[in-house]
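Each of the next two complexes has chain A plus one other chain: chain B in the first, chain C in the second.
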Partner chain A sequence: MAISLLKRSKTSGKKKQKSPASARQWAISLTIVAIAIWAFFTYLFDKTPDAVQAWFQVWLPPSTLNESLVWVICALGLNIVVGYAGLLDLGFVAFWAFGGYAAGWFMSGFFHQVNIHFGSMSANTIPGIHLSFWLVMVIAALIAGFFGIIIGAPTLRLKSDYLALVTLGFGEIIPQVFTNGENIGGFNLSNGTKGISPIDAIGVFGKRLGPFDLGWKFLIYFFLAACMVFVSLRIRGGRLGRAWLAIREDELAASMMGVPLMRTKLTAYAVGAFSGGIGGAVYATHVNGIFAERFNFSISIILLAMVVLGGMGNVWGVIVGALLMAWINATGLPAVGDTFNNTFHTQINFPSYNFLLFGGILVLMMLFKRDGLLPEARLKMISHENDDDTSNTGGH
Partner chain B sequence: MGSILNAEHITVEFGGLVAVNDVSFDIPEKGIVSLIGPNGAGKTTFFNILTGLYKPTSGHVMYDGSEITALVPHKIAAGGVARTFQNIRLFGSMTAEENVMVAMHSHLKASLASTILGLPSQRREEKAAREEARALLEFVGIGKTATEFARNLSYGDQRRLEVARALALRPKVLLLDEPTAGMNPQESAVFVEFVHRIRDEKGISILLIEHDMAVVMKVSERITVLDRGEKIAEGTPAEIKSNPRVIEAYLGKGVGAGH
Partner chain C sequence: MTKLNRFVSVVAAAGLAATALVAGTITSADAATKTLVISSDLPLQGSAFDSNDSTNKAIELYLKSINYTAGKYKVSFKKYDDATAAAGSWDAAKCAANAQAHVANKAEVAVMGTYNSGCAKIIVPVLNQDPKGPMLMVSDANTNPGLTKAWNPGEPDVYYPNGVRNYARVCTTDDNQGSAAAQFAKSIGISKVYVLNDTQTYGQGVAQAFTTEAKKIGLTVLSSGATGEGWDAKQSDYTALFTKIKALNPDMVYVGGIFDNNGGQLVKDKVAVLGDNTKVKFMGPDGFTGYPDLNKMPEAQGMYLSFAGLSTDLLLANDPKGAGATFVKSYKKAYGKDPVGSYPLYGVAAVQIILAAIAKSDGTRKGVNNAVFSGSGISIPAKQSVLGKELKISTLSGDTLAKDITIEVIKNNDETTLKAWTVK
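Our next item is the complex of A and B:
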C-alpha cells in the first residue's frame, strides 16, 4: 500500500516537468536573465552606490560574465564529443587555437601586406585583412572543423584509449606550432610569442563594439551560446544524436544495429571541432588579441571538467558546470584567496591551485557522481495516467 | 524452398582454439531453425560470424544471393540480418523507444543540416519513425514502456525490447541468442507463440540459439547441433531427439535425465 502510494506520487511529480515545453521554458528564462544582466550593466551599474560597484568588481565583474559565456560555447562543443558520443578528447584546445588565430588573421592588421575589407567596421585605409565578425566565425569554424576531420579520420579507428593519447598530443603540438610560427620558411604565421593584437571591434547593427562595450558583447556571446544550445538539442533529438548516444553506451551493439561507427564518430568530432573554432574566435574578441601561451593543456582539462561536472550529455548541466567553473577560475578563486589572505594575514597564491581544484573535482565526480550535477533525465513525452493506475493496483 | 542465409564450411580459430570447425548451415526462407549444443560449443561465435563481428578463418557466408563474409557489421545489419544478444546489450540510458529508433538509423535519411533546421521532411521522418517504434513495442508487448529508460525495465521486458530493436532493422533474418534465458515456463510458452507471429506476420526467417529443450522442440522446423565447434547432427526435432550422437553429447547430460 505504502509502496503504491509512493510510486504514484513519484509519477505525478514527473508529470509536472512535462514535454518540450520545459526546454522552451529554460530558454525563455535564460534569455530574460541575460537581458536583465545586460540592462543592469549597461544602464544601472554606474548609478548604483560605490559599495555595490566595488562588490561587483570583486565578485562578479562584467568581464568574467563574458568570459564565462566563451567557456559555455566551448564546453557545449566538447560536450558533443565527450558527452554525446563518449569520445575522450584531451586536446580540445587545438580547435580553440585554430579559431583564435582565424580571428587573429582575418580581423586585424596582422597581414599588413594586403588591404582587404569586408563587412568590417574598421576604416578602409587600415592595412590587413578585416572581415566581418560573423564571417570570421564561419571561417574559424570551418578551419577548426577541417582539422577536426584531418585528425579524426585516422585516429577514430583506434581504441578509445589511443584516441585520448593522440588528441592529447594534437592539443600540445598545435599550440606549439603557433608559438614557434613566427618564421615558417620566411612566412610569419602567428607572430610567435608576441601574439596578434588588437583584434578588430565587433560590428552589430552599425554599432562598433570596442574593448569596453562589455554589455553589448555579453549579448552577442549570449546569442552564440544560445545557438550552440539550440543546435545541441536539435541534433540530440534526431537520428544522429541517437546514434551518438548508442555508441557511447555500447559501440558493438550500435554497429550491430546498423550504425556506421567511423562515420558517426567522425561527425561528432567534426561538429565538436567546429564549435571549438567558434569558441576560439569569440575568445579572441573577448581578450582583444591572440596569445600563443594561453593555449595550453589546462584549457582542455578545464573544459573536460566542465562537461563532467555538469553531467555528460546534458546541455543544461554542462552550462551550469561551465558557468560555475569559469567563475571560480576567473574570479572566485582569486577573490576568495584575497579575502582569506587579508583576514588571516597569509600569502597563499590561491589561483595557482586551480589545477588541483579542477583535477580534484574531476576525480571526485568520477568516484561519486558520474552523472554530474544535473544528470541527463529525458522527459516523458506522454502521460501514463491510466497505465500507472492499473499496474499499481494490479501489482500489489 | 530456397535459403535466405547460408554459411559454407565456416571455421573460426581463436589462437590455438578451434571454436567452430567446418560448419555449413542453412536458414531456409521464412523458416524457423535452431542451433543447440552444450556450453562453449561455438553457437554464439557462429552468430558473430553471420553478423560480421568476427571474420572466419575460412568459409563463406551468403545472404540473399550475395556474399557478405567480408562486409563490416553495420552494413550486414542494415542489409537485413538482425540479432539479439545472449547477455542483454541495450542502450541503458536511452528510452525504450529510442533504443528501437537507433536501429532505424540506416533507414532514416535526415541530414545534419535538416535536423538542425528542423525541416518538414525531417520532422515527418522522425514522426513516422517514432510511430513505427511504438508499433514495434506494442508488437512485442511492451508498448507501455516506450518512455522508460531501458535500464529500468524488468529483465523480461529488456529481452522483449531487444527483439523490438532488432525488428526495427526491418530484417529478413532474425538471429535470437538464448531469448528465453531467465524466463519461467509460462513466459517461454508465450514466447514460442511469439516467434511464430514474427515469422507469420512479418515474413522473417528466424534462427534461434536455445538451451530450453521444451522451447526448441516446439518451435523449430529444423535443428542443428554443435558440439565443441563441430556440427554433429541436423534434422527435424523428432530426428534430433532420437539421434544417438546427440543424446550422448548433449541431451544425455541435460534433458535426457531431467525432463
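Our next item is the complex of A and C:
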C-alpha cells in the first residue's frame, strides 16, 4: 500500500514521525495475520484436536473475529469524523442501521411484491430483491453517505456541543424510524421490531458462502476493512485530509487560510457514513438478519470509546481499539467470567460489569494515556505542547 | 526486521506452542464415556435475567432428579447467554455467535431456547443447515407465530433452508392468546372493546389476534385498523388518548404489549379517565404478567391478564400431587423460593421433550431431530409432564397441540388465577 507522506513541518526532533514505511509494515503485518487466520479456520481448524477447537470456541470463536471486523469498519468511519475532522458524532449508529437495512432490502425476500435477481446466489424463483453482495455494499455505502450529507447539512453552522447534540438526535431518530417503519402510509419499510431475516448468502467467484464458511467471510470482511484503511490513509495524506486536520485543530484559523468549512465538514460526514454503511451491510450478512432493537445509543458510545481508546486519528490505533473492545464485549468478559466462576465456585455475573469496566478503562486512559493506545503522532504533539520537559514523565 | 514484525512472529510462535500444549492433554479426555450435551440459550443480562436464571436453575434441578440420563444416554447441561451487557438484552450478533457455537460443540445434540423470537429467527436457520444435523431446538417462550406457521410472506419456510423442520415449542403462540382474550371478554358480557398496542412485534401480534377474533364472535371493535391504535411508549401522559376513547363509550380496553413500554402510566391514565377496572374492564396479555410493580398499583386492581400456557398456580391447583407440583416444591426446597414467573416450568417441559427425543434416537443430532419430526413424534404423558397434562408436539409444525391460556386477574396486589381457557 503506497502511502503518501503527510506534508508538515518537522517541529519536534524528539518524537519519531510516522513514515510511510511504518504504515506499510502495519499493512503487511495485518495482512499476514489475516491470511493466517483465514487459512487456519478454513483448512486446519476441523483437523485440530477437539480440545483445541473447544479452546477456540471459548476464547476466540471465529464468529467473534468476524463481528470484530464489523466494529473495525464502523470505527474507521467514525475515526474520519471524530479523529480526522474533530467533529464529535454521537449518532454514528444511524449509518450502521442504514447499511444494515440496505442489505435487508436488497438481499432478502423482504420486498416479496417484486422478483428482482442480479448476481445473487439465491434461486430465481424466490421473490424479493436479491442483488449481488458487492453491489449491495456499494448501495449501502451510497445510501449511508447520502444521509451523512443530510445530517451534515444542518450542522454546518454549529460548533462542538451543539454539533454533538444534532448528531445525537439523528442517531436517535433513525433507529426509531426503523422501529416504527412497519406501516408508513401502508408501506412496510422495515418490518418494525420483527426485523428482516434471513439475508441472502454471500456469493464470491460462484461460491455460495453458507453459515459455516466463516473463514471465507472473514477474508471478505477483512478485505472491506482493508479498503477502508486504504481510503482513510490516502485521503488523510491528501488535500482533503489536511483540510480536516486543520479544522480539527483550529476551525477559525482553517477558514481564514481558505479551507471551505462547509464542503470539508460535509465530506467528512459523507466519507464516515460511507464506511458506516459498509459496516452495517457487513453486519447484516454476519448475523443473517437485521433487527431495529439493536441500534441503540450504546452502540454509538462504544464506537466512540473504540476510537478514543485506540488513538483518535490513527487508523492502526483505532483498529486495535475496536478489535480489543469488540472481543471484550462478545467473548472476553463472558469467558473470563466463566473461568473465574468455575475456578472459585462463585456466581458473579461478569458481563453485567461491562460498562463499569469500560468506564474504568476510559478514566484510567484519560489519566495516564489520554492520546489512546497508539496515539497519532500529530495529536500527541499538540496535547503535550504545554508540557515542559520536567513534568513530561507520567505514562508516555 | 522491525519491532512490529518481531511481535507478530512471537505471537505466532506462542500460538503454535499453545496449540501443541493443548493437543498433548486431550488424549485423556477422549477416554471418558461419551456424554450428550443439551444446552439452553437464554438472555442472562438485563430485565429478563431473573426469569431465565430461574429457568436454568429449574432445568439443572430436573436433570439432577432424573440422574442425568435419557434412555441409554448420559446427558450434561451447558448454558449459553444470548444477551450482551452492551445491548442490555438479547443481541443479534451474540445469537449468531451462539448458533455457531452450538454447531461447533460436537457433543451437543439439542438446544433449549430461545426466549426471544427474534433470536430464534437467527439461530434456527443455522442449526437447520448443520451438516451433521439438522439440530433440534425447542423453545419455552417464543410466541411469534411466524416461526412455525404461515404468517408473514415466506414464513415459516425461510427459517428452514434444508426443507426439514428442526424447531419446536412448548408454549402457545400470540394468535391463540389474543383469541382466548376475546372469547373470555365475550363470556363476561363485554360488547364494545377498544384495542391498543405498543407498536412492537409482540404487542401488535396479540392485538391483531384479539381484534380478528373479537369481530368474528360478534363484539364491536371501536378502534380502527387490524391491530388497534398504537400507544407511544415515550409519551409522558395518555389522558388525551383515553379522553378520546371515553367518547366512544367502550365496555373494555384491551392493551396488546408489554408493561415495560410505559405500561404503568397507561394503567394510571386509563383509571383516571375511564374510571376503575370494574366499570370499564381492562385486559392485557402475558407481556403484563410477572411484574410485582404493576400488581401493587392501586389502579391495576381488577385488571385481567392472560398467559400463553398454564400458570404455575393453576398447575398446582389442578393437580396438587402431580409431577408439576412436586417439581415446584422441590425447586422451593433447593433454592429457597418459587421459580420466577411461569416460564421456568415451560423450560423444564422443553427439556422433557428433548430428553424424550434423545431416548428415542441413536444419539446423533439428526436422530434426535427425527425423533420429534417423524413417525409418532414425541409426547409426554400427563403423569410425567411438569405441565400437568399431556404434552404433544405436532410432527408437522413443531407446535404444541395444547392451546391452553390462563386468565388471571390482579387482586389484593397480586396476580391471581381466574380460570384456564382452551382456545375454541
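To be clear about the criterion, the second predicted complex is superposed on the first by the 350 of 396 C-alpha atoms of A that agree within 3 Å, B and C clash if a C-alpha of one lies under 4 Å from a C-alpha of the other, contacts with A are read in each partner's own complex, and residues count from 1 in each chain.
Here is the rule we go by: a contact is a pair of C-beta atoms (placed from the backbone, for glycine too) under 8 Å apart; a residue touches a chain by one contact, two chains touch by 3 or more.
Just so it is clear, the model here is predicted, and its values are computed rather than measured.
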item	value
First, second, both or neither for A:214, with chain B first and chain C second	second
Chain B versus chain C as contact partner of A:89, first or second or both or neither	neither
Touched partner set for A:55, first chain B, second chain C, both or neither	second
Contacts of A:267 with chain B and chain C, given as first, second, both or neither	first
Chain A: partner with more touched residues, chain B or chain C	C
Partner chain in contact with A:256 - chain B first, chain C second, else both or neither	first
Chain B versus chain C as contact partner of A:200, first or second or both or neither	neither
Shared chain A contacts, counted only where both chain B and chain C touch the same residue	none
Residue ranges of chain C in contact with chain A within the complex	2, 4-5, 8, 12, 19, 22-23, 25-26, 29-30, 44-45, 49, 81, 83-89, 91-97, 99-101, 103-106, 118, 121-122, 125-126, 129, 131, 144, 146, 152-154, 158-159, 161, 199-202, 204
Touching residues (chain side chain A, partner chain B) in the complex	230-231, 234-235, 237-243, 245-246, 249-250, 252-261, 267, 271, 376, 378, 380-382, 384, 387, 391
List of chain B residues in touch with chain A within their complex	51, 53, 72-74, 77-78, 83, 85, 89-95, 98, 101-106, 108, 110, 112, 115-116, 118, 122, 126, 129, 144, 146-147, 149, 165-166, 168-169
Chain A residues touching chain C - in the complex, by the definition given at the top	25-26, 28-29, 32-33, 36, 48-55, 57, 61-64, 67, 70, 109, 112, 127-128, 179-180, 182, 191-195, 197-198, 210-212, 214, 283, 286-291, 293-294, 296, 298-299, 302, 329-331, 333-334, 349, 351-355
